[in-house]
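Same chain, two partners: subunit A is paired with subunit B first, then with subunit C.
Then we have the complex of A and B:
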């Protein structure tokens, strides 16, 4: 009986209608513009990078162009600049994202409180994020300028010799560029975390207080679980962006001194754009692409992002 | 260093590459522009012609001078209009390479001598030999500049008009020397002693500014090769002289100036920073070309700037550096090569050459202009010209003909140079690695000839 009902449902009895040949193409036509854009602006560029990574393609030496097989990747293994840039990229991403997260979280918790002038403080906190990259570096170049910036003031009070630049000292360059990027990047975390914090129901905190929970317990049991997804996605985005950082480092230090602030993407820029060796530059880009893809997948899986129990 | 080396191969591969580039260029053009361009027919002589000129330097004073030069030319050639576009010094080759790949090059360009090899390798520039000879310019232009211009190209042809030239000098501040009771330096020993003597870290006064950042190689060559008394980059078999014991010794002496007579921040100093430091009055001496003299005069006044040419070596060898042609070129793809050549001729003519060289602080290529009073009145050019006319002097030509020259001397050598200044790498290791790379490049070049 049951099966009869199921098989004789109105839906199954409806006459089968064949689409007219013209209308059968409608869905494909509708997605065609988007598919074309993806093909032209995503598939083709990425595919061409993979293609050129297997070629000798240096536009200053066209006579040597041709299929390279894995030559570019083998050369990479023996290239000290590649390994050094890779190690620095790891340090840069780890330290930068960690500091941005801690500072961004602190700022978000602070400006989530109720106090007089909160709107102004929030605007000030977010303002570095709104500043363009080139303006950010200009500001920090002036700050670090040995003649007019902080170096001169430190020299005048006798803390450092005249002519000292934080961007050229062996022990100061890394932290000088970290600070500049931290100034710009921390507000990003603050914005995302604050947006999530504002959706936490206050009743939860009130109930926790009734149960005798302190600040740390409330943060661990209510706040952190609530903002965890936002933190995961924000750290992933920042890690990818910091990995790909070229503008600030290029304009602030040019990757120096002695290659000490050259990230892998900056090395790609030097190789492909300055040296015009697009074959080797493409191979470097392919490696960067693979590293980022693997990192993103592993990071999201480890953090169980998108799962209900996450 | 890192990348593979290949000998030149048949042009069939190049043809394939160019075909693919053409397809890519078409696709890019179709997507970004939405319409394919139409080739214009060659205009008649009296037809209005618009030429496009890309300048590889955007300093405001230079742009102003170049626009004046264009105005002068247009006044004499009313049917030709030149549209000027300034490209940033640190990224102009990126735009030019894109233009070549997409067949959208301008008509005229102001390439540096070090760019010629790369542009010729892409078959982008038009050879000027025939027009130069037919125009009788061989009698009008300084032969050493013609030779220097041809030496910058891998095939020995003329692509860059020998309109003007640079030359290396050492600028110094007479007022600071006088205050310190010092005479103008006349030898390398004087120079090194004066640099230390003029330095007073407590007041932020330094005797010299060393170029530790981008473009360091020019100053390095200027301060090392004349000291060593070596007048060639390569021996006949293509072996680089960069690790010659005399060069190593001279380099060590030069490196020892860092922090002893320079600011620590010089580790990353580029051309702009060096010139700004000298202009601010905190530096006693600066190595640079004659081309920056107008900037120094503007910043300090003519009385506060003097110049000497890098000195002969201890054994009396007189090596001159930085004699680099700074002219104009035209693209092979230009549809108005006759009109473009007219402009190139104007820059070599007495009228155009005189204005452009004086305004830019360059040594004029036109022999008649070299006798004009202003040349002797510019102290930087005067000492450079005097040195150039010395029978004992030899001009050191940098190997701009090597396509790898830029990548070796910047991407590969710059980080190592900064490591040397920081004391993390020995001068011997630094020069040994660089000499090996340059030797490889030169020997490949010789094998392909």
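Then we have the complex of A and C:
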């Protein structure tokens, strides 16, 4: 009797948090819908890809379906388009992320300064982030097309012959695609860095100015150490995302000319959508997945993810 | 005596530092301005000229090469809206994006509340798993998801898109929502419990109203990502009356001898909802996205 009164008294509970009537399974019930959806539509499909990669499975040739062993992987080793796509994937990710780093960091440093109309300028330069890959293609096709795009204006001043297509000419295709994706990707890089940039204490700059530090010195000694980890994370995030980026290449060049702009995930998408060869496509997917896992492990190591407050 | 001397030197040192600082400020202010304005204007041009180019093509009469869309025409919009079926695509896109927004936001509210307010076994693992899903390429899910939807009889059905868009966006929504809920002081909820509210009532009456900006932000990201999804749509949908706007755009792009005016008009139609939503969510971009975003 006495004890029950004691436990109910507000005084005895004051130091600890008051607990609402809840049971142990309450949080599990709350995360159940999310966990279930992710299990059924993400985890299970990832597993099934490994199964299909060992099968002959082509919608257009149902008579040849069956267990394939490692046939799909052996075929992959002899597939020049696969090797070519691996090389291009490396080039694409490296060049794209390096340029996004330079432009994104520069943009973040600019936007971080105080000036009139900053809010408006910020939303304008960030806007390509919200534009889809296919819309990016739409916009840049209008720019690159030979009959009414910039090529025509270049031709009028005699820089290139009339009818030059920047998207199919040797040498120009790669940079044309890189530029279109840069337009969309650099703002996101800037967004990722800006939050960190805003948390640098201004007193540090003032103190450095008193000590006679110049612009470069301030950046090297104060700004860079502060944003370094954010830059590492942003760079890895962009690398993963550019690896996975299919929409733009699929619609802008279709992976061409002659497979020269086909990334591995784009090759997967084409095998799935056009060829309907699900066995071979799954095998390609497995390889893409392994590459990405290696990437992700590096990423998680650097970032030490999974803490309770993540 | 020595102390006095050093104090005076120190004071004069400070004074001279201040004057040089002021001098340097006034001297470099012109350079500072140039270093800010010139690159900013160049970057703004790089961002905005492509948008202008699309508007120009959309509102310019066919055959014109003028750099201003004058006389202005809406013919291109009539062509895509009626002739190319963008009226239907727009409707389908709205259905998919709104449904995906509602489902993912509700589920994210539930799960986010669990992450923000309960300590529980396996929480770190759950968060880790959620973040890991963000590395799964959409292209990789095309084949297995097609299999699943085929089995469920949902191919060529908007539900296949709603489900896949929701699942892909859900982990991000959930992590963002947990952050927003964590920002609502625990004390407010506890006060409601003391006043006799149940946990559900306290959530509904105290947390939910305070969470409105967070819900709008998370919902907007979900809407934009569903609205923009192209790959799943082109894989799962096959009949024209089920197409969404990105699929419609890809068909305009694929046509032999593309009608650039119509293509540009289709692009403008695709961008309008995104611009409206972006104008609102861009405030949350820097803080919200850098905390939990992986996709861009």
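Everything below uses one rule, namely that the second predicted complex is superposed on the first by the 263 of 310 C-alpha atoms of A that agree within 3 Å, B and C clash if a C-alpha of one lies under 4 Å from a C-alpha of the other, contacts with A are read in each partner's own complex, and residues count from 1 in each chain.
What we mean here is this: a residue touches a chain if its C-beta (ideal position, glycine included) is under 8 Å from a C-beta of that chain, and two chains touch if they have at least 3 such contacts.
A quick note: this is a predicted structure, and the numbers were derived from the prediction, not measured.
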Legend entry - Which of subunit B and subunit C A:265 touches, first, second, both or neither: second
Inset, instruction - Would you check which partner chain A:122 touches, where first means subunit B only, second means subunit C only, and both and neither mean what they say? - result: second
Inset, instruction - Check the residue A:199 against both partner chains and state whether it touches subunit B (first), subunit C (second), both, or neither. - result: neither
Inset, instruction - Could you tell me if A:275 is touching subunit B, subunit C, both of them or neither one (first, second, both, neither)? - result: first
Inset, instruction - See if subunit A has more residues touched by subunit B or by subunit C, and give me that chain. - result: C
Legend entry - subunit B versus subunit C as contact partner of A:141, first or second or both or neither: second
Inset, instruction - Could you look at A:61 and tell me whether it touches subunit B, subunit C, both or neither (first, second, both, neither)? - result: first
Legend entry - On subunit A, positions contacted by subunit B and by subunit C: 40, 48, 152, 273
Inset, instruction - Quick one: which bits of subunit C touch subunit A in the complex? Just the residue numbers, please. - result: 17, 20-21, 24, 36, 39-40, 43-44, 46-48, 50-51, 53-54, 57, 65, 107-108, 110-111, 113-115, 118, 120, 123-133, 135-148, 163-164, 166-168, 170-171, 174-175, 186, 190, 193-194, 198-199, 202, 224, 227-231, 234-235, 246, 249-250, 252-253, 258, 260, 263-264, 266-267, 270-271, 274-275, 277-279, 282, 285-287, 289-291, 293-296
Legend entry - Contact footprint of subunit C on subunit A as seen in their complex: 17-18, 20-22, 24, 26-28, 30-31, 33-35, 37-38, 40-42, 44-46, 48-49, 52, 103, 106-107, 110, 113, 115, 121-135, 137-143, 145, 148, 152, 183, 185, 187-188, 191-192, 194-196, 198, 209-210, 212, 230, 237-238, 240-241, 243-244, 246-247, 250-251, 265-266, 268-269, 272-273, 278, 281-282, 285, 288-289, 292, 295-296, 299, 305-308, 310
Legend entry - In the complex with subunit A, residue positions of subunit B that touch it: 2-9, 11, 13-14, 17, 24, 31, 91, 93-94, 97, 100-101, 117-118, 121-122, 201-204, 206, 212-214, 262-268, 277, 280, 282, 403-404, 406-407, 410-412, 414-416, 418-419, 421-422, 424, 448
Inset, instruction - Give every residue of subunit A touching subunit B within the complex, in rising order. - result: 40, 48, 56-66, 68, 71, 75, 78-82, 146-147, 151-152, 155, 161-165, 167-170, 253-259, 262, 270-271, 273-277, 280
